[in-house]
Amino acid sequence: MTNEAIIQLKDIDVTFHNKGQTVTAVKNVSLTVERGDIYGVVGYSGAGKSTLVRVINRLQRPTAGTVEVNGQDILGLKPKELRVARTKIGMIFQHFNLMASRTIADNVGYPLKGGDLSHEERQEKVAHLLDLVGLTEKAADYPAQLSGGQKQRVAIARALANDPEILISDEATSALDPKTTSSILELLKRLNRELGLTVVLITHEMEAVKEICNKVAVMDAGEIIERGDLVTIFSRPEKPLTQDFINTATQVDQAREKIFKQARTLGLDDHHRLVQLQYVGASTDAPLITELYKRYGVVSNILYGNVEILQDTPLGNLIVVMTGEPDKLSAAWQYCQDAGISVTQLQPTDPEVA
Amino acid sequence: GKSSSSKTVKVGIMGSDEKIWKPIQKRLKKQGVNIKLVTFTDYNQPNAALTNHEVDINSFQHTYFMQQWNKAHKTNIVSIGKTMRAPLRLYSKKVKSVADIKKGDQITIPNDSTNEGRALHLLQSAGLIKINNKLALPTPKNITQNKLNLKITPVDAAQTPRSLSDAAGAVINNEFAAEAKLPNSETIYKEKLNKASIPYINIIATNKADKNNKTYKKIVKAYQSEQTKKLIKKYYNGLSVPAW
Amino acid sequence: MNFIAKYFPNAVTMKDEFVQATGETLYMTFITAVVAGIIGMAIGVGLIVTQPGGILENRVVYNILDKIVNLCRSIPFVILLAVIAPLTRLIVGTAIGTTAAIVPLVIGSAPFYARQIQNALSEVDRGVIEAAESVGSGPIAIIFRVYLREGLPDIIRSSVLTLISLIDLTAMAGAIGGGGLGNLAINVGYSRFENDVTIAAMLIILVLVFAIQLIGDLWARKVDHTA
Amino acid sequence: MNFIAKYFPNAVTMKDEFVQATGETLYMTFITAVVAGIIGMAIGVGLIVTQPGGILENRVVYNILDKIVNLCRSIPFVILLAVIAPLTRLIVGTAIGTTAAIVPLVIGSAPFYARQIQNALSEVDRGVIEAAESVGSGPIAIIFRVYLREGLPDIIRSSVLTLISLIDLTAMAGAIGGGGLGNLAINVGYSRFENDVTIAAMLIILVLVFAIQLIGDLWARKVDHTA
Amino acid sequence: MTNEAIIQLKDIDVTFHNKGQTVTAVKNVSLTVERGDIYGVVGYSGAGKSTLVRVINRLQRPTAGTVEVNGQDILGLKPKELRVARTKIGMIFQHFNLMASRTIADNVGYPLKGGDLSHEERQEKVAHLLDLVGLTEKAADYPAQLSGGQKQRVAIARALANDPEILISDEATSALDPKTTSSILELLKRLNRELGLTVVLITHEMEAVKEICNKVAVMDAGEIIERGDLVTIFSRPEKPLTQDFINTATQVDQAREKIFKQARTLGLDDHHRLVQLQYVGASTDAPLITELYKRYGVVSNILYGNVEILQDTPLGNLIVVMTGEPDKLSAAWQYCQDAGISVTQLQPTDPEVA
């Protein structure tokens, strides 16, 4: 991975005017994507993600700002130059945008039309792409005969047909089942690794982000409110929105709520504490729970746990009830903190009925 | 044309005249004159075609129309022979005589300009209206006196016989009256065969330069024959009469 | 045969005329369809791509095309015949006859067809155009590979409509000696009160109309893959 | 004024005629548009809902409507005028005059409009119809609240096309004494070689055509919320 | 929750014929949904989920089989009766199917047209629905001006407008960010609880299933291959496909793979064992890891963990390295098994390069 910027958006504004109303979909956004990045873009529905990425290949002219892709000033390109530039930027649309009049194979082969490939080479390539997305059987069908997820896979195959250097993927796996999603993400990761494909990945599936992105930007109301490398964002989210997303994705919020509802049955008192433990990286190597018992006789019961490995870095998130003598509990607490683990005592208030 | 010695002569006619011209065409062929009949439906076309030498002679108009045309288009089209005299008639299915026409009745007239003017003249001579006589091609707008307050409606010439069921009277061109097989009993007024009607004698016309063309004269002669007379009699049943 | 002789007393004697008129109608319709089809298609596509928000947005060209189409559509056909006679003469050497009729027929139907094409293509999904743009397709590719392809079912339906209107229009060709079935129906049958000729001519026209509609419907259904 | 007197020597003397002809054209066009609009719309909708796969699929009704439309479209207008005279008399009491012209104008343009509507509505997304069905909308609701609403931009564009064709068609109304601008242009101006009258009449037609197109375009754009 | 069947599909087949080809999208499916169920339907893209649910309100007539909804034989209903029946079945379409010509408010209000409500009542209801899905601001906009997720929320609001007894939701949250998804699921759960709304929920988001479904059916190639209540399916999936979905969703597969890659660094030998522990329900209440140390001196280090609470039942899935004397390890193993915990020893083979 070199550190060369392949996409550089600077101070982008996009404003829509519709019959008197103006909507500013993107506000003063700057974003640098480096070659080889798999850059995740997440955010609320309507945050401006789709609008932002459409600026990259000038499907959407920004109201203000500059766009540099592959060293070219995209906004200044002549139509012909723009067309050439676009062939290197694959795009998967949120609404698929398949051609109803063409078969699946023809849809996938569309970008290759007018290119240098012979008819046979084209067919071969299309067959290969269809195979990659698991639609070989549907080659001769038309989009109207496909299921939602199948359409989406056609769109993915089409976006890859031109062997783009950059792939802009707008919710490319949102209609896919977990297994198919996983195989598509695998594919993108492989293309990224083997061919250096740069990917801008809009998604709302935090699992997808965790699985393949190395960087993440979080958008809210047209602005990027937080950005950084994957592990940092997931381990130390700063903005409440980011935290919300991560928590909702890992379901820690829901778990906490459920635990609170049962709080009475847990019999919390001086000898029991309900705590949330969060840690990143090496700290997990130490067998924490055993250690707490060994050292302080504190017994930890995991009520909720999520320990995962992001970009080779383990990330832990546990809700446990610690049981022990009050002073030992405090010592254990201290031990955790010293080990770089963030400890939060949870105070179940009366469970609110949501 | 087939004949190498003489070129084919193109004759512009109205479609309804085909039945008169077909036998002539046949006879001429025996005489070594090839003619091609070009049929029109619009009175404006045959003269334009003549000037542009797309037809060599035409036979559809009366002298009056030719004069008007020459004036308007600064052309030199001349008559090289008379064909028929086709007096206009006022027909009615509703009344027996002109005198029976009541206040506010409707009368239809052909809407092509010359027949329209001619029909108005006819109605004038029938004493139904008065028109501005100075105008070459009067329209209902030029009626100066309309005591009966008649509603005069120009319609497509082919519609005039059909309008008899709606209007009190209709001024109908001969050819249409003949085609519609209107009984003579429905004629309530007829154009007088006098000097005033002379301009309405139909003619065969050509460009002035070809005035003396031998072949064309042969064609005129072929038209002005006994056979044609019989045909005119047969088809027009006395409504139109040979004018040569 | 007896039946025919009984109900079509005049028509049976005019076999040659019917054959010729049918030929003329087919000839005028076919040639006009091809020429007006190409011109109308070009103008229709031109209107679509240059319209505000089109892929080759161009206010000037759009307005010119738009005005030309409106202008041509404002002229009654009979007058068009006369007005463009000089042009007709220039193109086919004469302003009368079946071939000469084709020029005004083209000018009379091309603008109409252009509007039909414009309407048909304005239904093509903007998103699909964007998808084509995003893979680097230029205007030509988008016109031929997207607009004309995605709009095909509607183009076929509009073409059927135009073609049938065109057959109607050829009836007016009689005015300049163009002949044809419509002319036979009007100037022989109708003007001469030979109703059987009118009906016979109309029956043939009817067969043509039904055939065109049928073929068009089948074809449109065949290329329509939206459901 | 001098300019007008110079270039339109005959036309200036015919102010009344022009006013009247314009009135007649507007009258015929308007009434025909309303009546043919309703009939054509009804038939077009009928074709759409009864077509194979339609919400009221019905082979028999579809075929009848389809055949009637084709039949009417096969008849040259001039002949239509004559053929339906008895019907015209039944409806308006006479077969000649401006009002009488409306009957054949309606029959001449309604089937055309029906096809336009059919084409326009066949572009309405099947999925949206299903969405309406899924909330329990019946055929009437789907027709009025979905088809006619979703298809509106295209319906407007098709209506503009039909309306302009209709103005053209009114020129033929002269045949049965309907008058109008087209008749003025043809039977007064053109037949009497008064070119200025023809041109003046055509200019007024042109203004109508442009106005209709402009209003239609603006309206269609206003109700088109697809982009 | 009564046990009354509200939807009963019996032996449903759906076959499509397209120009010579036939595709059997649904094969011999029987499914009973009881009043008050939130029934999840999951399966591969193209498995026939959308086709199946379209049979419920007869948008799709099945080729064979019977459909009973609310005691009515849906296939035998007259058009008018069908319409009445449909007003009680809300449907959220995978492709939204919004009316481009209507504003958002009018789209949502569409089902109320021609109903008994006065204009004001309708407006009020629409306003309330828009508020529920967070689109009050967009009321006067048109669908083309909305983002993907916003469109989807309009479709959700529309489906609820008629106060249906049954809601068929075809990927209703697939275009939504985690937070919005969560709030929509909350909403459905509340309607279910408070008004007894029955929901058939097609989704590929296993989190959504976990969060609100009480039953799940898994479809594959047109057939339902497994079905049952949520906890059973998630704790003891029988079919490999179901296991796959669950594992992919909890990312246990990915975690295992990552751990295997680092296996060498774990220094596995007689004294270390890499094991996967899976348990359901009460077993989690015992503080397992502490217990293992207390009893056998076995130290467990959690490399990956997912402990969650489904329908008030905790579900645990841990990958740990256990360290201790070989015989103690075996004893610990036995202890786990006796406690009803499923223990699997993981054998890291040489990590395959995916």
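The letters A, B, C, D and E name the chains in turn, as written, and every chain counts its residues from 1.
The rule is short, and it goes like this: a residue touches a chain if its C-beta (ideal position, glycine included) is under 8 Å from a C-beta of that chain, and two chains touch if they have at least 3 such contacts.
Each chain and its UniProt protein: A, E = Methionine ABC transporter ATP-binding protein.
No experiment lies behind these values; they were computed from the predicted model shown.
In terms of the stated touch criterion, the partners common to chain B and chain E are D, listed by label. Where chain C touches chain D, the two copies mostly use the same residue numbers: shared numbers make up over half of all numbers in play.
Averaged C-alpha coordinates give centres for chain C and chain E that are 56 Å from one another. Centre-to-centre separation between chain B and chain C, using Cα means, comes to 35 Å. Annotation for chain E: residues touching 2 or more other chains are 95. In chain D, the positions touching at least two other chains are 78, 82, 153, 190, 226-227. Within chain B, the positions touching two or more other chains are listed as 44, 158.
In this structure, the chains touch in the following pairs: A-C, A-E, B-C, B-D, C-D, D-E.
The residues of chain C lying in touch with chain B in their complex are 78, 81-82, 85, 89, 94-97, 174-177, 179, 183, 186-188, 190-194. Contact residues on chain B toward chain D in their complex (touch as defined above): 43-44, 68-69, 72-73, 106, 108, 111-113, 116, 137, 139, 141, 153-156, 158-159, 162-163, 165-167. By the touch criterion stated above, chain B contacts chain C in their complex at residues 12, 15-16, 38-42, 44-45, 48-49, 52, 54-55, 158, 161, 176, 179-181.
Residues of chain A that touch chain E in their complex: 16, 18, 21, 23, 42-47, 49-51, 94-95, 141, 145-150, 152-153, 170-171, 174-182, 186, 190, 204-207, 210-211, 241, 244-245, 248-249, 251, 253-255, 258-259, 262, 284-290, 293-294, 299-309, 312, 314, 316, 318, 323, 354. Contact residues of chain D toward chain C in the complex are 53, 66-67, 70-71, 73-79, 82, 112, 115-116, 118-120, 122-123, 126, 153-154, 157-158, 160-161, 164-165, 167-168, 171, 182, 185-186, 190, 198, 202, 205-206, 208-210, 213, 226-227.
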